[in-house]
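To start, the structure itself, in structure tokens.
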Amino acid sequence: MEFIYLLDILGTFAFAISGALVASEQKFDLFGVVIIAFVTAVGGGMLRDILINAHPINWIGDLNYIYIIFAAVLATFLFKSKILPLYKTLFLFDTVGISVFTLLGLQKGLTFDLHPLVALIMGMFSAVFGGVLRDVLTNKVPLIFEKEIYASACLAGGVSYLILNYIEIPKDYNFIISASIIIIVRLIAVKFHLQLPKIKDDIFGNNE
Amino acid sequence: MEFIYLLDILGTFAFAISGALVASEQKFDLFGVVIIAFVTAVGGGMLRDILINAHPINWIGDLNYIYIIFAAVLATFLFKSKILPLYKTLFLFDTVGISVFTLLGLQKGLTFDLHPLVALIMGMFSAVFGGVLRDVLTNKVPLIFEKEIYASACLAGGVSYLILNYIEIPKDYNFIISASIIIIVRLIAVKFHLQLPKIKDDIFGNNE
Amino acid sequence: MEFIYLLDILGTFAFAISGALVASEQKFDLFGVVIIAFVTAVGGGMLRDILINAHPINWIGDLNYIYIIFAAVLATFLFKSKILPLYKTLFLFDTVGISVFTLLGLQKGLTFDLHPLVALIMGMFSAVFGGVLRDVLTNKVPLIFEKEIYASACLAGGVSYLILNYIEIPKDYNFIISASIIIIVRLIAVKFHLQLPKIKDDIFGNNE
């Protein structure tokens, strides 16, 4: 669907901007900023495609990903101070991106005849691993492991997609419904600071 | 062999527990714990399969890996303070896991017609890289690079397997003998705090 | 071309030495030193081959890479204090290595019918990612993201290769010319401490 492709590109743009901002905070030079923007934007889909042996992998098979990443870096470079007040807009793009990445990854997994559980994992990797790679390359503990951000939202939307797919809801409707679930769960989680539980006992068996 | 498969699953369980414990020490949330347990348990075999182009890769081709990882995380989550006193049992499972991972990885390499040296490296990657990925994702220097833990044990067992294979000892006997070597070398190394040598001169050429 | 292969091996040797030196500074044991030398030397080409699905990947298809890495680690281990005064020679090997890695990676990309832009990226990954992996595994922010080292040199030589290739300059001449450009640009950049620009505004929009 043309419309979903557009959302995919929009999400890639938002992810690339977020990567470029993190890299520039770290005083990376232009090359470093490009690499981090690149990895953040296409890293999740790249990992998915390597794991399921889907060649050419995402950004090799479609140059638009590269172009939109360069555009995002250029935008960050030229207008950084003007981009930051757009935080809410970016956050929205980002949320849309996450929902689209999750569902496209899951669909791709199903197309490759993977077990639904594996397809679900592929959907989540697609949405999450770009940020993980960004954090590893900037020498941080991946944010998403410490604090609920959007993993549960992806999970909820992915499970919804699998169920609706099983009862044979048409793909396009399913996509829209499940993407909405991801977006809504994420917005609610951010609004109310919801977090996943942690394992409470420390290594010495004491409660904190 | 059914029995070796069972040991493989047991080793995966022990690796997943070790990953879950490290992640929960770091105050990761449930999602982070699952990912670290997952990466620790199947990361080595996953890397091996990507490198030698063996698709479907380990956990995609056999869902039991995923189930056992979930079971390990659940066990850690529910019984953490009870798991820690089981340290010695876990250490034994872990040692068994390492020996099985090494030899299964090596065998897979030979099946793919790799040079014995490359197959040996694949065996070691299978045993070692899960822990390396765990440490990278939790933003630590990989433990195994600093301190002899089990790399030499894997090497000894792997070389033994190649030699016994060359003189045509039947596979199953070979597996048991070489696995025993790995287990014994590791237990001895831990018992006597054996370490590999380090490069002594520092970067300025002084001795320490 | 035999001669280029020789330069490739020479570059691999220089990269492995640099990895071994970094690892021994970190007090890694022999196993850790071997792994870091290995990753530094063949990591870039390995990533490239995984991304473009070129199997067997570099060091699996040609054992000479492994042998030369072992030789480099052995040399570091035995002669560390004598290697360091050879810094300038090593730096020259390293620069030659970078130029050869970039162009071989780019050529491989073109052989695989990739778009020239993607082939260029593959060339740069080949030259750059070994060092990135080395830094990630030693828990540092990758040096190349913070400070111009050789990314621009690779880019200049890669673009030169593509242009000369487009106007049908014979491959061998093209290789020599473009490699020389990489070497010269790098030597000039190091000589005059040239750096790429950074994004100046910090995250709060203030100038520094």
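As written, the chain order gives the labels A, B and C, with residue 1 at the start of each chain.
The definition used in the following text is that contacts are C-beta pairs under 8 Å (C-beta built on N, C-alpha and C of every residue); 3 or more make two chains touch, one makes a residue touch a chain.
Since this is a predicted model, take the numbers as computed values, not measurements.
Steps from subunit A to subunit C, taking the shortest chain of touch contacts, total 1.
Taking shared numbers over all numbers used, the subunit B to subunit C interface scores under half, which places it in the different class.
Centres computed as Cα averages put subunit B at a distance of 30 Å from subunit C. Counting partner chains per residue, subunit A has residues 50, 53, 136, 139 touching two or more of them. Against subunit B, the residues of subunit C that register as touching in their complex are 20-21, 23-33, 35-36, 46, 50, 53, 55-57, 59-60, 63, 66, 76-77, 80-81, 84, 136-139.
Note for the complex: subunit A touches subunit B at residues 50-53, 114-115, 117-118, 121, 132, 136, 139-142, 144-148, 151-152, 195-205.
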